[in-house]
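Note that chain A is present in both complexes that follow, paired respectively with chain B and with chain C.
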Partner chain A sequence: MFQFVVRRLIATIPTLLGVMVAVFIALHLIPGDPVVAMLGDMATPEQVVAVRHELGLDRPLPLQFVSFVERYLRGELGNSIRTRRPVAEEISDRFPHTFLLAAAGVFIAVLFGVPLGIIAATRRGSMLDLVSLVLSMTGIAAPVFWVGLLLSMLFAIRLRWFPAIGAGKPGDLVSILQALVLPAFTLGFSTMALIARMTRSSMLEVLREDYVRTARAKGLSEKIVLYKHALRNAAIPIVTIVGLNIGYLLGGAVLVETVFARPGLGKLLVDAILARDYPVVQGVTFFVATSFILVNLLTDLIYALLDPQVRLS
Partner chain B sequence: MRKSRFLSLLIVLVLAIELLTGCGAKGTGPSAGGNAGQGSGKGTAKKELRIAMQYDLGTLDPALLTSVTDKQMSSNLYNGLVRYQLGTVKIEPDLAEKWETSKDGLEWTFYLRKGVKFHRGYGELKASDVKFTFDRLKDPELKSAPGKLLAAIKNIQVVDDYTVKIFLSKPDPAFLDKLAGSVGYIVSEKAVKERGAKYGQQPIGTGPYMFEQWNPQQSTIYVANPDYFRGKPGLDRVVYIPIPDATTMYNAFEAGNVDMIQVTDPDKLAKYKKDPSIIIDEKPGLITRFFGMNGAIKPFDNKLVRQAVIAAIDRDGILNNVFKGMSTPATGILSPDVEFALKGIFQPKYDPKKAKELLAQAGLPNGFKTTLYVPNIDRFTKPATVIKENLKAIGIDLEIKVMETQSFLAELKKAQLPMFMLSRGQDATPDRVLFTWFSKKGIPADNWANIDIPEVNQWLDEATSTLDQARRQELFSKVQQRIVQEDYYYFLDHENHIYAMKKYVKGFVGDPQRSIRLDNVTIEGEK
Partner chain C sequence: MKRRFWRNPLILTGGVIVLLIVFTAVFAPYLAPIDPTSQSLAQRLLPPGTKGHLLGTDDFGRDLWSRIIYGSRISLLVGLISVAIGLVVGSFLGIVAGYYLGWIDMLVGRVTDVLMAFPSILLALAIMAVLGPSLTNVMIAVGITSIPRFTRVTRGSVLALRERAFVEAARGIGATNNRILLQHILPNILSPVIVMASTGIAGAILSEASLSFLGLGVQPPTPTWGSIINDGKQYLDIAPWIATFAGTAILLAVLGFNLLGDGLRDLLDPKLKT
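Presenting the complex of A and B:
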């Protein structure tokens, strides 16, 4: 197990390097210039040239890339061009918000998705199955921002139960949770739908297996058959979906963050791209890529816990 | 298994909340953990104004700030030597009570107001702070971008504590206007030196409000400055909340989570105008929306073709149907508030029949194909579709290319796009706009139509360097008239800056530069 983890960690190095190269090239290929974004209309061409020089943006691209990799090897992410603050600080300010949102999204998705899938599988063809199907299809088909706007219009503007924007007052748990409800439901909705569909089909398959029939023949209660024998075996595809979706939720959080004006990494990244703030774009992408890889590794480890037949080698 | 997974998810959630309530609460500022002012909309006893901003705070260091949001927030934090009279672009004294200029325009003497105090015990404003502020702009370590605007400053001399002389390397007729902008805000030498790189997020000014706290992407909080030299301001707290997405901003306003927003959607404006609990403030901006034709690209090198395009445009259709009265039709190049602006020189007639004749005269009776480049923002893409229809009616096949704004600007600044649409902000004086847009020296960065008319070049050179106001007026007038006659540009309109606020917000006055100054703003009655 230890060996497996070490090997997997080493294998992430080329992946991360690839991400760095790709981001660097993409950033410098798209037209636009942080200096023009900064100086706006008021600057003369000479002033633009002067600022580009001061920021080191007029050096040849390969040189800029080498110094970029060198900085990362030293553990420095550099400073934002726009705010002059360290990129690491910009990320650490936002990450807890995105993490909380993604975790709450997964929580809601699993909390509602798994039971919905089980009900649908055990009462196949019933009215409940149909309701679950309709809910899931809506969840998969409805765009995140649309769900967010609908929830916002109903629960924030009309009923005024939850705020339409923000992440609550810092330090005030009640207001943080209040501000979390709508975004978390918005974010978790489509994942919930996926999980429900996956649980249903996976459960249906497992319920047809011989060992389930054996368990029932032994006279075990339906509850034990379902939860102990069937669900555990049906869980692997569900965990895969959840694992893959945590990465998606981290990235997909950007839309929810925008709709609810919440602080977070996604919004930091979008703002940085629009302002051509290269160090921030590079830092956030690197951070998200690393998180994604770690979550995948964690998912693989959970497989082994769930199913002793899976060997970590 | 399911239970334990459920449990671990729960633990993760609790941990994340801990993380937020614990360390997440740290904002920058003297008192962390303050109220972000984003509750469910219930009013507090304090007079607190919550304003939706387009972006989050970047930096409030006047030597570095460039975004509109940063400029708007800094306008209530700092003072300059001079400022604009509220709601206008007329210069009036601010930190300087009066000033004198030498005959050659190279030597400026400012006499400072006595007893002005910097926020939070940073002492009285002295001439040395003024010298420090402007010397700092030239510090190569700081890499000040806006500082380049004041590059004409040669050196600064402190005469005594309340008198300062600024020497310029060449006369600059727009010098006072530059000082009235954010780059001219005076900072405290002591605070800047003490706070170093953190100054931008922990600023110290002399203005009516003091910086209290910044919660990244959530809020920037100001409190009243009890020692403000014009008297204690009308609000206890100002909370700026960044909401970049327009729909979200309207939702937040309607849900009562913010008290004041900028309105850019005509349908929302119509709705709010009917609502008795909402006040609207409208002001034509120092900005002109236009589309241009590149004279260096065929067939726009032919004046007849350019005239045909201009005659083919149904401006009333665009302004009434797309913008529904949210802007003021342009009758000249410059916004009417700009000094020396000529009004009534651009009044094109919508005449498709004449347009077709002009095209035929130009040898293009069957029209031609061309491309209009626009940034990916509603206020350009929507009128662009009408222009496409208008031109189709006279046989011109127009392709619309929509680009992300920064990419669009990068392409535009090569001056190689056949047709382009944009709106550009202006200053209170016409120097920069007229010179960079229409002089040969503005090619390619600003003169995107490749206009090169020897007389115009010469008039502009003289107008922007003489201090003789009568001569400047004469030359700038000639330039404006001539440029309109050449038909390179269709000057569509001046966008209005429109603010909507709840009726308990009193005393707000908008201005042509949308600086959101809160000079006389207060809260009266129940929220």
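Presenting the complex of A and C:
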């Protein structure tokens, strides 16, 4: 297992370096002068020169890249053009909101997706199976921001059960949780659909295995057969789907945060793009991609822990 | 095969929805009663069923039915072109990497890893931030995000095929690499590529809608489903139909292509059936 962990960690390094290269190059691919694009046509030549110097764009490209990598490795992601605050600070302010949203999204997706999949598998062909199928297909096909608006329309505007926007009052747990419910359900809906489908097919496969038949033949209750024998073995693909979807959830959070005006990383990114605040765009993109790589790494490790064949291959 | 095609409920349902959307996009000028960009402030926010406005109007008094009909053109165009970009570039890279292996494979593998290190909507957003919002750039951005998936699938298929007896035989009789790739390997990897293209169009439609919703896609006044939802966002309490109908259009389109893709997968590659 140790060797597997080391191997996977080493394999992550070139990807991280590649992400840095991509984020660095992006600024240089902007048509025209990126500094003029950032500051707008009204900027004075002095301002342009100052920002160009601040971003290191007045130096040769290889030197720019070396200092970019050095800065990023130290966690210095530059300053926002708009707010003049360090990008790393902006990210650390916003990240808890996005993390909370993604975690709540996963929680809801697993909480509803796994039982829905089990019910569909154990009652294959029944009305419940059909309902689960329709719900899953809809969940996968419905745009996440639209689901958010529909939930907002019903539960915030009509019924007034939850707030339509914001992340709650800081320090007030009840208000934070209230503000989290709709965004979390929105974000978790499509992942719930995927988890339900995966649980169903995985359970159906496992339920056909000899050891399940043996367990039933021993006279074990259906509950024990399902949860102790079948679900445990069906869990591996479910864990993979959950892991792979955390990355998707980070992406989906961009849209959900916009719908519910939550001050997370996604909203920070979209606002930065609209304001052409490129240091923030670069910093957030790098941060999210790095988180995504680490989550995938963690998924691989959990996967290897659950299934010895993976770490031996 | 032909009989199985017509008997597959997923293909039939998905195919009918897709055909309906293609029909709508092609014949939009005949199906839309009013110019989708023509405004009439006297007729703003009319509810569905109002005479002359089947689905009502938006905040500028524009006919929602016409806007949704014309929106199908953008969705379909972005879906098709961006998947074509992903398919051509991704499959080319996957085939070359899987067949030649060595440093080419390593390089392609690293590039694919980097592209896959970004959640796809984030990658599309970052590309749009660099290129600026326009229809062409949306197609490029969404196309780039679909490249790694095609590369992975084709590389895997080619890896499995390159050691097969018929490829060895072709090599044995002196066939060139180009001939082996084009005549022996390419036809055998078409099935997974076709399946991926269908579900890829669904993903591209969702990505385009997301970019438009965020105001970073195709710019107004061109009607797109995502931008219609964005417009309707401010009027959820008094005109909920704007966002509801446009979202339903996206849901149907994505569902159609997903069902078609699933059906084709069952038909062409039963091993992958879940």
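Here is the rule we use: the second predicted complex is superposed on the first by the 261 of 313 C-alpha atoms of A that agree within 3 Å, B and C clash if a C-alpha of one lies under 4 Å from a C-alpha of the other, contacts with A are read in each partner's own complex, and residues count from 1 in each chain.
The rule is short, and it goes like this: contacts are C-beta pairs under 8 Å (C-beta built on N, C-alpha and C of every residue); 3 or more make two chains touch, one makes a residue touch a chain.
Please read these numbers as outputs of a predicted model, since none were measured by experiment.
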- Message: Output check: A:128 vs chain B and chain C. Expected answer is one of first, second, both, neither. What do you get?
- Response: neither
- Task: Kindly classify A:18 by the partners it touches after superposition: chain B alone (first), chain C alone (second), both, or neither?
- Result: second
- Look at A:173 in the shared chain and tell me whether it touches chain B only, chain C only, both, or neither; answer first, second, both or neither. first
- Message: Let me test your reading of the model: by the given contact rule, A:236 touches which partner, first (chain B), second (chain C), both or neither?
- Response: neither
- Check the residue A:274 against both partner chains and state whether it touches chain B (first), chain C (second), both, or neither. both
- Message: Can you tell me whether chain B or chain C touches more residues on chain A?
- Response: B
- Item | First, second, both or neither for A:97, with chain B first and chain C second | first
- Message: Applying the document's definition of touch, where does A:30 land relative to chain B and chain C: first, second, both, or neither?
- Response: both
- Where does A:293 make contact in the superposed view: on chain B (first), on chain C (second), on both, or on neither? second
- Task: Go through the superposed model and pick first if A:152 touches only chain B, second if only chain C, both, or neither.
- Result: both
- Footprint intersection on chain A (chain B / chain C) at 30-31, 149, 152-153, 157, 258-259, 274, 276
- Query: Given the complex with chain A, which residues does chain C contribute to the contact?
  - Reply: 110-111, 113-114, 117-122, 125-126, 128-132, 202, 206, 209-210, 213-216, 226, 229, 232-233, 236-237, 240, 243-244, 246-247, 250-251, 254-255, 258-259, 274
- In their complex, what parts of chain A are in touch with chain C? 14-16, 18-19, 21-22, 26-27, 29-31, 137-138, 140-146, 149-150, 152-153, 157, 197, 201, 247-248, 250-252, 254-255, 258-259, 269-270, 272-274, 276, 278, 281, 285, 288-289, 292-293
- Message: Taking the touch rule as given, give the residues of chain B at its contact with chain A in the complex, in rising order.
- Response: 1-2, 5-6, 9-10, 12-13, 16-17, 19-21, 23-27, 33-41, 55-59, 64, 66-67, 140, 143, 145-146, 148-149, 151, 197, 200-201, 215-219, 241-245, 247-249, 251-252, 254-258, 404-407, 409-411, 413, 424-425, 427, 432, 436, 445
- Query: Inside the complex, what are the residues of chain A that reach chain B?
  - Reply: 30-33, 35-45, 47-48, 50-51, 54-55, 82-85, 90, 93-94, 96-97, 99-100, 103-104, 106-107, 110-111, 114, 149, 152-153, 156-157, 160, 162-173, 175-179, 227, 231-232, 235, 258-264, 267-268, 271, 274-276, 306
